[in-house]
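Labels for the chains are A, B, C and D, by order of writing; each one numbers its residues from 1.
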Amino acid sequence: MNFDRATVLIGVVGTKMRELVWPIRVYLEDTDAQGVVYNASYFRFMERARTEWLRANGADHDDLRDRFRILLVLSAVEAKFLAPARLGDMLHVGARVSMLRGARVVFAHEIRRNAEDGELVCRATAEVACMDADRGGPRRLPEELLSGWSQ
Amino acid sequence: MNFDRATVLIGVVGTKMRELVWPIRVYLEDTDAQGVVYNASYFRFMERARTEWLRANGADHDDLRDRFRILLVLSAVEAKFLAPARLGDMLHVGARVSMLRGARVVFAHEIRRNAEDGELVCRATAEVACMDADRGGPRRLPEELLSGWSQ
Amino acid sequence: MNFDRATVLIGVVGTKMRELVWPIRVYLEDTDAQGVVYNASYFRFMERARTEWLRANGADHDDLRDRFRILLVLSAVEAKFLAPARLGDMLHVGARVSMLRGARVVFAHEIRRNAEDGELVCRATAEVACMDADRGGPRRLPEELLSGWSQ
Amino acid sequence: MNFDRATVLIGVVGTKMRELVWPIRVYLEDTDAQGVVYNASYFRFMERARTEWLRANGADHDDLRDRFRILLVLSAVEAKFLAPARLGDMLHVGARVSMLRGARVVFAHEIRRNAEDGELVCRATAEVACMDADRGGPRRLPEELLSGWSQ
């Protein structure tokens, strides 16, 4: 992913997009025998935050499929793990759209400990592709979503 | 689950059914911060063993859906955890059909450490229901599967 | 598990114990290719509810280990899956102590769809053993927890 | 991650390192309601392959902790998902060390469908940090591992 290009393109789309910060408690299921949160768990957490971002912005998975006939699928991800999270931690998982164009949406994520401005645990970007639910290939995001999400 | 009834019914079905023992290595993903295998992981392990049992007995999930138009779904489970398994353990996960009738299949599972006759880690039974893939309700197991599985 | 015995013993412990109902949204991570919640996910949900029950009743995992020098580990479970849950469902996962004696705590769980009195998706009991965090064997629940939890 | 730098540094370390390709069957637990492998599952698969790479190169997690007093933890990851994998697929998950220096090991992964030269499903790099098991901070890889792994 070339995110310099992403930074430029967001100017095309327009104004700053909303961030959603979703609180997630760390349970035993999320940890491993090294005593910390297992790496794949962070990707589950970020997907929950993206799903809640979508819900807060007018579309859950059912709407996407039934009303818009699209699926959103993860096409690329880049993450840095900066500090270990532990059992019982309350994580604040941020999700905001940093780029939106054609069939692609890039989310920027930050995971912080205990507070919205707490210690940074993980920083990541996730590129999501819009797929046609009927034909299966990539498809331009419906205009209604594009314009709603970019305000 | 009334397993006394199960014990009686297996006589109706007929002879002793094949057991499959599937080796499963314990990875970090399977463990938790208490340093042992997380409880839900055992249910994933047993499902892998049932899937391999099905495969060994002539039907994978695609066959069940495409050829027989059925889905197998877990309807009840009973498990005892007798000893903790740990990171790096090689578990031997046994699966055999202990009862087979109408729309129900009961699997008996034993999970042992390091060897097929190793320390018993978990003993469980899992009742699987045969569902109609098109209509969604329970459906009698196809005769071909019933007769193949009960030999 | 002999739950007739459990029913009798609860009389010894005393009065009816508090129930906690924990809301859990179903995300993609919880589902499988059959289009419903994957069976092991329910055990993760019930463990979250037990953890929140403990937290609401005065002890998180850190307290148990650091202050009481105990671990709580699942020793047996029995579950019936009565209706499939699906992506996007809001589940209400109930947890209450149905039996409490010596080194054993039995939790009764009900998982309902959309509302606390919604459609019953899963009913289960989970037996938890109190283990000594230092020596590793079973250990009687500390008196402070026993008396606090049984009021 | 700057992988141009990684490419240069591998020359410092020396010769081409061994690749391990680990076969992994896709089970229900790995899939989601969109009918494909859930994104976090790929990170579990790659971690299994790294663990097997370590085992094949002389050190499992117990050795690392007990003999070398180190932990290996994921510090950064970058992945592209190129084609969806599905229930029942046999994936071939490649792991090789592409860079090795100081306290850092970078693994390159390729996941292919059905065969070692099958369709490319996912390509990723994973940067692993060597941590001191006693003090917790980063620590230079023990000389014995460095020299063994770079042959």
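Just so we're on the same page, a contact is a pair of C-beta atoms (placed from the backbone, for glycine too) under 8 Å apart; a residue touches a chain by one contact, two chains touch by 3 or more.
All of these numbers come straight from a predicted model, not from anything done at the bench.
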Q: For the pairs A-D and C-D, output the one whose chains share more C-beta pairs in contact.
A: A-D
Q. Taking mean CA positions as centres, which chain lies farthest from chain A?
A. B
Q | Euclidean distance of C-alpha centroids - chain A vs chain C, Å | A | 31
Q. Centre to centre, by mean C-alpha position, how many angstrom separate chain C and chain D?
A. 36
Q | Geometric centre distance via CA averages, chain D-chain A, whole Å | A | 24
Q. Going by the touch rule set out above, which residues of chain D reach two or more other chains?
A. 28-29, 33-34, 36, 40, 44, 47, 61, 87
Q. Along chain A, where are the residues that touch chain C in the complex?
A. 25, 27-29, 44, 47-48, 51, 60-62, 87-88
Q: Can you check the complex and tell me which residues of chain C touch chain D?
A: 28-29, 31-36, 38, 40, 86-87
Q: Show which residues of chain A lie in contact with chain D when the two form their complex.
A: 33-34, 36, 39-41, 43-44, 47, 61, 71, 73-81, 84
